[in-house]
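Look for chain A in each of the two complexes below; its partner is chain B in the first and chain C in the second.
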Partner chain A sequence: MNKEIVLATLEQRLRSPVRCALAAAFVFFASGPYLIALFVKAMPREIQGSPHGGMLALVFAAGVLGQEFSSGAPQLTFTRPLPRWQWVLSRAATCAAIASVLAILPYFPALLIGIPLDQIALAMLGQVAEAVATTAVVAGLSSIVPGLTDLALLAGANIGFGILGLFANLLRDDQARAVATWLKSHIEPWFSPKLDLVGLAHGASWSSHALLVILSTIAFWLVIAIAMSNRKELSYATD
Partner chain B sequence: MGVKAQVGFLPERLLFDRWMSGMRFLRYHHALANLPAESRAADCAAVLEKVGLDAHAGRKSLKTYSRGMLQRIGLAQALLNKPRFLFLDEPASGVDPAGVLLFRRLLAEARAGGTTIVLNSHQLDQVERICDRVAFLRDGKVQAIEVLHAGAEAKRHLRVRFGAFDDLTSEALSRLAAGAMAELVHPLNPAREAVFAVSDDTAATRLLAALLQGGMPVVEARSEEGRLERLFLEGQQAVGS
Partner chain C sequence: MRPTESTRAMPLAFLVVLGLLLLARGATAWWEGRHPPETYDRVDWKTPAEALEVSAMHKKPILYDFTADWCAPCQKMKGEVFADKSRAAQIGMMFVPSRVLDRQQEDGRNPAGVDSLQQKYAITSFPTLIAVTPDGREVGRVMGYPGSRATMDSLMVFYRRSADFRISFPDSAPAPSLGL
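Our next item is the complex of A and B:
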């Protein structure tokens, strides 16, 4: 990890008003149920499922490598004694850190409405895991395509999995349905990582498989990001 | 990584992090170059001043920089680590005349300090003034390497055309030139032209006087400029033929 790259990435990402506005919106809407419960007694006082960890990662990690390669900035950065993997990991880790910090914010109002601390801690942990894993996915995709095309690629993949799920339900042939279901359930988590830990507080059993999927997703995409960045020809901007 | 610590690079197209201020950009590269943090502020201020940018310009965002200012800040970051090898791609592109002179002086200083400069440029007159050796590339392959004599030791070349004369030989010209502390570098060609190397204007006058006193029918003498251009064109013709 390189401190300078971390600081520069932090400054660069937080300078964008669009990113900050989107992040504020996600945090606000995720904390909505708990904020409302502060004033409305009828509101359920339990952890609400929310995709905001992954969404925040999308906001801050979109184009984390691709935009840089498109701008041509790494051409100069890489003339310094800095291994490319450090540049990749530092940038990805910074985005993951920003998304993670913001992802736990919505749960602070939950503390005030009497939701048990263990549930809140598990929800925070789940959101952090999703934020980190989604950052890794976006970093990997961002190393493959220029600019912000990583978002389009991710959207395309999710639409594809949606269609696959639809097919799985519509197919009459059992074998074909089994294949479609298998593909969706095994490949989709590598593009849309999820980790619901709140169930553990309600007696659900611990799934090491879910943790393994998250960790392997992070490792896979970061390896892709490093490998692709190492292969980049940096004659000049890529587009 | 050890080699990179000794390298400075100025790309032709300055597409670096434009959201930074000039000074922030220099501090960023100072840190990336693993230079001591305690001297960061002083080093960056010094190099900024060296390239002719003031503290106000250092505080401005790179987005607001003109092309010439970007070239200057680009050269500043390339010089930050006092590199042993300096790679420059069209360094004077978009720079005002004062900037061109400043660049030339800075490169001469770096060269005198032992830095090896690899300059990529289409501005052959600039190359001629800065470089010792020139390689002509075509389709990524070296077509020719020419040795020049840049900098303080540079000698001017004087092309002299002679009238018809029986005793006009390269040997005779060489002897007369040596007597005038000049050097015949290109012997007579069929057009009865010869090229002499002279150190300065006085030496050129001395050479011409010696040639005339030696009975040589000097018709025309002109300073050889654009030598590289000519070499380049000759090379092009050779490739075309």
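Our next item is the complex of A and C:
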């Protein structure tokens, strides 16, 4: 990890008003059920499912490498003998850290309405895992396409999975339905990593596979990001 | 970085870790495909006594789930309705859910509270879902498992019906007791 790259990325990401406004909106809406429960007795006092960890990662990691390559900044960065993998990991880790810190914020109001601490801790962990994994996915895609096209790729993939899910429900032929379901369940986690840990507090048994899906997805996309960054030909850059 | 090392080198450790994780991912997928983790409820079930108290306090109808561990349709309902995030949340919003687990087959007898509730609502088969007002009046029941969508549709109807009863339910009414 390179401290200067981390600080530069931190400043770059947090100085964007659009990113900050979007992040504030996601945090606000995710904490909504708990804030309302402070005043409305009839609201259920339990952890609500929310995709905000992944969304925050999208906000901060979008274009994390692609925008840089489009702007030409790495050509100057790499005039120093800085290993590219350090640059990629430093930028991705910074985005993941910002998204993770913001992803746990909505659960603090949950402490005030009496939701058990273990459930809150598990929900926080799950959101952090999703934030880190989504950052890795976006970093991987961002190394392949320029600018913010990584968002378009991810949106396209998710629309595709939605259509596949629809087919899986509507198809009458059992075999075709099984194929659609199989494709969706095996490919989607590479693009939309999810880790639901709150179930553990309700007696769900531990799934090592769910954890390995997240870890291997993170590793896979980071290796892709490093490999693609290594392939870029940059004038002035040291080899 | 060592002076001779290229800035474009891919550390071997990353590839080794990725390879190991992918192997482990495949292995656990295979293992858990044969030994699937137990399905679980996302519904926050209360005991019948707790349900009466909460229902009286919040003027919410109670949803009793009369079930048994050996009953296959009950397990199917558990996996498709109670383990589903959005359905479980919907149930929690509409009702105070209370599970009444029959242990006759396993233990030879049921706790007194379970027997009295089964007799009160004349339970003849599992699963049976019964929606009741806070003062114990039945507003509807689902017998057997007709599928997740039909179950949720019925529960919505029961919830709307219970709203009519709720208007006539006085604020100061004491929590009804079933001798639990």
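In this section, the second predicted complex is superposed on the first by the 234 of 239 C-alpha atoms of A that agree within 3 Å, B and C clash if a C-alpha of one lies under 4 Å from a C-alpha of the other, contacts with A are read in each partner's own complex, and residues count from 1 in each chain.
We adopt the following convention: contacts are C-beta pairs under 8 Å (C-beta built on N, C-alpha and C of every residue); 3 or more make two chains touch, one makes a residue touch a chain.
For clarity, every value in this text was computed on a predicted model and none was experimentally measured.
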{"item": "Touched partner set for A:Q48, first chain B, second chain C, both or neither", "value": "second"}
{"item": "Contacts of A:R15 with chain B and chain C, given as first, second, both or neither", "value": "first"}
{"item": "Which partner reaches more residues of chain A (counting touched residues only), chain B or chain C", "value": "C"}
{"item": "Which of chain B and chain C A:E4 touches, first, second, both or neither", "value": "first"}
{"item": "Partner chain in contact with A:G114 - chain B first, chain C second, else both or neither", "value": "neither"}
{"item": "Contacts of A:L82 with chain B and chain C, given as first, second, both or neither", "value": "both"}
{"item": "Which superposed partner A:L222 touches (first chain B, second chain C, both, neither)", "value": "second"}
{"item": "Intersection of chain A interface sets (partners chain B, chain C)", "value": "81-83, 237"}
{"item": "Chain B-touching residues of chain A, taken from the complex the two chains share", "value": "2-5, 8, 11-12, 15, 71-73, 75-77, 79-83, 236-237"}
{"item": "Chain A-touching residues of chain B, taken from the complex the two chains share", "value": "1-2, 4-5, 7-9, 11-13, 15-17, 19-20, 28-29, 31-34, 77"}
{"item": "In the complex with chain C, residue positions of chain A that touch it", "value": "41-42, 44, 46, 48-49, 78, 81-85, 199, 202-209, 212-213, 215-216, 219-220, 222-223, 226-227, 230, 237-239"}
{"item": "In the complex, chain C residues that touch chain A", "value": "1, 5-11, 14-15, 17-18, 21-22, 24-25, 28-29, 31-32, 37-38, 40-42, 44, 58, 60, 85-86, 89, 92-93"}
